Each structure stands twice: as structure tokens, then as C-alpha cells.
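So, here come the structures, one by one.
Here come two complexes built around chain A, the first alongside chain B, the second alongside chain C.
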Partner chain A sequence: MRIDIDEARCEGHGLCEEAAPEVFSLDDDAMVVDAFGGGEVPDGLAAAARAAIASCPVAALRERT
Partner chain B sequence: MSRPRSVVVVGASTAGLAAARELRRRGHTDAITVIGGGEEPCSRPPLSKQVLKDGSADGTVSIPTADLGLEVVRSPAAHLDPERRRVTTRDGHDVPYDALVVATGSAARRIAAPGQSGELVLRTLDDARTLRTRLGRADTAVVVGAGFLGMEVASACVHHGVSVTVVDVAPPLERVVGTFVSAVLVRRARSVGVELVQSEGPVSLDGDPVTGVRLGEGTVLRADLVVTCAGDVPVTDWLDGHAWAGPQGVEIDHGGRTPLEGVLAAGDVAAVREEAWLRRRPFWSNAVAQGRLAAATLLGDEPGGPVWDDYFWSEVCGHSLKMVGPVPRGEPEVLAGDPCTGSALLRWWDSDVATVVAVDHRIPVPRLRALALERERA
Partner chain C sequence: MKVHDVRYEHDLYSDAAIGDPYPHYAALRELGPAVWLTAHRCFAVARYADAREVLTDDVTFASGEGVGLNPVVNRLSRGTTLNSDGDEHAARRRLLAHRLTPRALRSMADDVASQAEAVVAAAVATGEVDGVRDLAQALPLSIVPDLVGWPESGRQHLLRWAGATFDALGPLNARSARATPAALGMMRFSRKVVRERSTLPGSMGSDVLAAADRGELDRSACPALMIDYLAPSLDTTISAISSALVLLARHPQQWDLLRADPSLVPNAVNEVVRLESPLRAFSRVATTSTKVGGQPVPAGSRVLVLYASANRDEREWDRPTELDVTRDASRQLGFGYGTHGCAGQGLARLETQSLLTALLRRVERLELTGDPVPAMNNIIKGWSSVPLRLVPDERRTDA
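Showing the complex of A and B:
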């Protein structure tokens, strides 16, 4: 699975990082960073990544279809 | 309690679905039935922000559930029978449970008189869409309630070019963010034309349908659009007859348990006893924290966190606010920036409990929380 980020929406709440720290982190400007740069997320991390996507209160993250 | 087989969650919104997701994350593979009587599950914070501005965000506010393997019953819960461990829904479904999570949330508090029509509130996606349409056509608006919801609605009025007056019995946001931050946000709201009026005593709505607001002293403010943002009321009518569920909410302990064995609660409906008071904190972060806590407790696991999460955020007239900690008093320590002129990072201490507030200051929330936990003072 791959991730799409809407940077304009990201407000740095950090729930994604909490849910899936191997996939998401916040930089010093409180902007979300995808560790896989929009590329394929390893299968073992997919469930955590989906939980992170679901946890974003401002819907800044989406699974790419 | 031994690990339950069937879990029933009453309420398909933030707290209930956070509980369901956490159950799956902690390895619960048995049935989870969610009883949801209302609209499609959606995240509420965007409803008073992006959704009031334009329609582009409407499709993204829903809470994902497809990966959770939930049984869904789409009818509101009507009755709880703890002897038979059953919830009955309005359309007659009997849903048995081993463990139950009450997460029915709250409804907007309405101040219209019985039979008085035309009161607008903001709670659901439909409410937000209706309000957005009305904002597109209105020239003037009055908002009843200067808490964070009222101020966000006022911000949407400004966005749509609607002249807005916000009415409350206290200074805007003071109950939520304290005097200092309230003053900062009031200055900024006024600078973009928001009128703020303090009423001497509770207000009422004027007209049928509603066309204005009558202040405590008798003056009536007329407007094209009147919106009530005067708090929320927990949804506990279906728990009629249970002493632990009433107008103040459903009482829970620090594990999220109600006094009834096998029954927990989470989110806007849940209240925690603080000395003499039963207190709810109807904010998104709490709904998530309590949903997760209920899941851990009912599985017999160690709680992953406290019963409160006091992280809160808002946007007032283009200014972002993030806050961790209790309502602060007095002057803050300025950690960065300048609250008089622009962005700022502020901290208050009350014994060894800190409150940290970021105004227009981009800071990762985990960093904000860490600042509230640092024990050294400047």
C-alpha cells in the first residue's frame, strides 16, 4: 500500500507518528513525513499505517488507490 | 474479567470506533458489533473548520472502518438489560454482549423555546452543510456562545463575508483557554470585524422561525442567520433508569468502567468524578484516549494511558491554537515569539502542572506535550 499526504491539511497533531512511528514522523515544522516517500510500505507495516491514516483528525493522510 | 468473546460498542463515532480499532490492534479477533443510529461515522473537528468553508473536504471526514471487520447495526440503542446482557435497538434488534462500551456521545444543546422553529446548531455533517449553504446567502449572523465552537463558526462567517456578532455571558473562550489567551484571540477576532457582545444573563431566541437573539438585558440582535453554539448534552436517554447515567453523562473510573460489570464508557458521553463534580471533557482527543482505554480495560490489559487527554486545538479567524494542560491562570512564560504581535509559545505553571499553548506556532504536538512535562522552570 502507498500513502498520499495532503500537506496543506497537516497541522502537526502527531497521531500518525504515535500510531506508526516506522512510517510517519513530524519534522521540525510539524509537517508529516512518510518514511517511504510515497513508495510501497512494507506489508508488515501496512496495518499500522492504516491505523495512522484513520487517526488523523484532519484527514491529511489517505491510502493511495 | 476474563477476555470477553463478543464486544458491543454503542455509538459509531470517534470514541466507539477508537475502541473498536484498539481492540483489533490488541489482538481481539472475535465479534465486535457497533450499534450506530445516526449518520455515517465522521470526525467532527473538521465540521466547524474546513467543511464550513467549502465542499472540498466533505468526502474526507468519514472515519475508516472497512479494515476492522465490524458487524454494524444501524438503529439507535433504545434499552439496556444488564441482567440478560443485552442491548435492544429502536427497530427491535436484540444485541447480546460479553462486554459493552457506551459511546453514544452528545447532542448540541438547544435554547429554543418548545415549538420555536428555525434554531441552527452544528453537530453533524448535515448540520455543517446546511450552515455552509446559509452562510453563502447571509449578510449578517449572530452566534450564541463564544466557546471554541462559536468562535470557529464566527471564523467561517468572516470567511464568507458575513458580518457576525458572537454573544456570551463571559469573555470569549475564557472558560477554555483562560484570560490571557482569550484576550489575545479577542484582539485578533475584533481586528477582522467580529463583534463580541457580553450579555447580562442568559440569552433567548427571538421569532418563530428564529430571526434574532434576545440578550439578558432585553435588547434583540437581529440577523439573517442565528446559530446556537451553547455546549452539548450527553446522549443517555436510552439508559433511563440507570443511576450511573444521567444529564451529567455516564460515570466512569480511571479504567473507563461504569459501576456496572462488563460495561464501560468513552467519549463525549463519559464523565469522571473530580472531587464533588462529575466532569466531561467533550473533545476529540479525549474520545480517542477513552475509546482506547476502554478497549485495554475490557481485555484485561494494562491501560495504555490516562482517562484524560487534555490536548485541544482550534482555529480562530485564521489563527491556530494548540493547547495541552488545564485552563491556565495569570501571565505565562513566553518560550518563543510574541503573543502581542504574532506567533507565540507560552507556558504556565500551577505547582508542578504545566499548561502549554502555541498560537500560530507550528510545533509537533508530541513536542508540545513534552514541554508540559518538563519539570525545570525558567
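Showing the complex of A and C:
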């Protein structure tokens, strides 16, 4: 799986970071950062990444289809 | 099949349904993805997946025609962030949100925690309290008016005004009619605050006025923005804290889980908001002919998204009516979702978590000393009183 981030929507609520700290973090401007930079998320982290995507309260994260 | 064939005749806003809406919500979920409510002339979206889909697609399902259920208040609410779309919404939202994100709130966390400690210490010293007045209202009232910079002179009316602002968004019934004068009173006072520039220095309210001075927004938009900050910050959080008290008093084993592991508190807050969602429902208007869960919805239809039902959808949640502070409830829709998702949820979480954490440190168990009384409000699902005994933790020596 790969992740798309809609930066205009991200407000830095940080729920993704709580759900999947190996995949998502917030930078100094409280903008979400994908540890894999839009590249393939390792299979072992995919479930956590999907839970994090579902937890984003402002729909800034999507799984690329 | 005609689009209005799947229908439900009951009034979701009768006194009985306001007191216990859940049987109605279960019936609506059973009927289908979009159910025509004959009493309210709109479609009800009661299932989780469909509710999430509607909230995600803010182009098809617009907020600019209002999110309430009566045309009068939907018209009066124009100019608020809740009630706008597209770039206009994004500009207002940016102004509002940058002071409310968890990052921005980090500097406030210590202050909120010490206010929560003070509120809880006073309540524990009293022993028998009204959980709504002495805990759930006490904390937000000690935080929010200062943050927004609301002048001291207008504070005695705040709870009544803010509750009425929600109530008025219901359908045209006796409750919304009674609430409208108070909701207008809040708007009038807010205009006066903007005119007299009486917001406290350094507050969010002063930010709004400064942005108008710089020409970044129209001065006429300021009063509605002040209400955007203030009105939703009180009853919602008060409802969440009150419901947490009721649920944890009724489920002492869940309280014990939290005492044993306070790191579960953030998740417990999500679970409380899932199980007893503070907001029953808001609506959208379909801008084009579309479908919800495969069911046709004509252009121009009003669509009522029932957060409090989606969060109990048996299609989405195992044991949906059970409190389980260990389940992953982070995808709950109690704060809404998408571009209109609650801008103040960071603050709401901070307040509710701080209050529970302070209680867990001092209180061995919560005991209801009478039946909690439901609050009668068209929009907010909460309690008007929660009679409670706080049994102090004897192990604590520094209390």
C-alpha cells in the first residue's frame, strides 16, 4: 500500500501519529509526514497505517488506489 | 421503487425520542442507507459507512444551505464556519483552527491540567456532587471564556446562550422556538463585543479582530466567528465529561482498568464520545442528484447525518452498546469527519482527558446517588444533572 497526504487539509491533530508512529509523524510545523514518502509501506505496517488513515479527523489521509 | 419509499414516520425530536433516541436510530439503520423522514422532510443517514461517505464528500453534500433542520436558523447561521463551503469555509477554518490544534494547545496543557486538579479537589472535598455542575461545567467554564477572550460582563449568560444556539438548529418545534431568542441574544452580544472591541488581549477573539484590521476578513464576519469559537466549546465538552461520569459510574470494572493503566485515558475519551456522542446529528444539502449507500438521493435534498447512530452501528462495531475503554475507537464520528470535522476536538480531548486523569488520581470509585437526568436539547445529547458520590482513594496521602 501507498499513502496520499492532502496537505491543505492537515491541521496537525496528530491522531495518525498515535495510531501508527512508525508510519506517521508531525514535523515542526505540525504537518503530517509519511515515513515512506509516498512509497510502499511495508506489509507489517499496513494494518496500522490503515487504522491511522481511518482515525484522521479531517480526511487528510488516503490510501492510494 | 420511488426515492421516498423507504420512510420512517416517527418524530426524532419528540420529548421521548430526545430522552432516548437509540431505539429510533437502530430502526433507521435497519431500514436502509438513506431513509426518508416524513416528519422532518429529509433523508436520515444512520449507518457508519454511509455517514462517513457523506461527510467525506463535502462537494456533493454542502453545508452552505445550513446544517440545522429549520430554514429560519439555517438562514441566520450564514457566515459561520459550520455553515459555509469551499474557499470561504477554508479561510474561516484556518483562522479558527490554528489556535486549536494539539500543537497549538501544547502550551495550554499544564494550565488545563492544573485547572482540572483544582476542580476535582473541590469536588472530592464536597464528596456528594452534581457531576454536571461541579465537574463537567466547571472545567470548560474555567478555560474557554478566557481563551476566546469573552468579556466578564457577558459570562453569566454563556451556558444558556450556547445551549440555545444548538437547540435552535433542530427542526421547528417548541424547543427550537423557545431557544431562538437566546441564540439571537448571543449574536447580539457578540456584535457588541466586536463593536466595542472588548475581547481580552492575547485571546482568540482578539486574533479575529486583528485579522479584520489587516483586511484578511470582512468586519461583518467577526461576530459570527466569535460565536464559532465559543458556542460549540461548552455544551459538547460538558456532554462528553458528563457521559464519561455516568458510564464509568455504571461500569466500575472499566473505571478500575483506567486506574490500573491511566495511559488508556485518551482512548477512553474516544470510546465515551463513540458510545454517547455529544452531537446527535447535523444535515447537509445534496448539490446534485446522487446516491447514498446505493440509494438515490435527488438534488436539493436535505440529508441528516446521525453521528450518534453511526457510532453504534452494528455493521461497524463489535458489541456496539458496550463500554470498552480498551477498544480502538479512534475512527468514531462523534467529532464529525472531513473538512467540517470539529476544529476544537484537540481542546475537547485535552479537557476531558485532564479531568478524568485528575479524578483517577484522587477517587477510588464513582457512585451514582440517583438517576442522571437527560438534558432536553435538539442537538446535544447530554445530561442536565448527574448525582454522584466521589469515594476518595484512601491510598492517597497527599490529597
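Operating definition for what follows: the second predicted complex is superposed on the first by the 65 of 65 C-alpha atoms of A that agree within 3 Å, B and C clash if a C-alpha of one lies under 4 Å from a C-alpha of the other, contacts with A are read in each partner's own complex, and residues count from 1 in each chain.
One rule holds in what follows: a residue touches a chain if its C-beta (ideal position, glycine included) is under 8 Å from a C-beta of that chain, and two chains touch if they have at least 3 such contacts.
Bear in mind the structure is a predicted one, so any value in this text is a computation, not a measurement.
Of the two partner chains placed by the overlay, chain B and chain C both lie in contact with A:59.
With both structures placed on the common chain, the touch criterion links A:18 to chain B and to chain C. Considering which of chain B and chain C touches more of chain A, the answer is B. In the superposed model, A:51 lies in contact with both chain B and chain C.
In the superposition on chain A, A:5 makes contact with neither chain B nor chain C.
In the superposed pair of complexes, A:41 makes contact with neither chain B nor chain C. Put simply, chain A uses residues 9, 11-15, 18, 26, 30, 51, 54-55, 57-59 to touch chain B in one complex and chain C in the other. Note for the complex: chain B touches chain A at residues 21, 25, 43, 45-46, 50, 57, 60-61, 63-64, 67, 284, 288, 311, 313, 320, 362-367. Residues 8-9, 11-15, 18-19, 26, 30, 51, 54-55, 57-59 of chain A are the ones that touch chain C when the two sit in their complex.
Interface residues of chain C facing chain A in the complex, by the touch rule stated above, are 55-56, 90, 97, 101-104, 266, 328, 330-331, 335-339, 341-343, 345-346. Listed in rising order, the residues of chain A touching chain B in the complex are 9, 11-15, 17-18, 26-31, 47, 50-51, 53-55, 57-59, 62.
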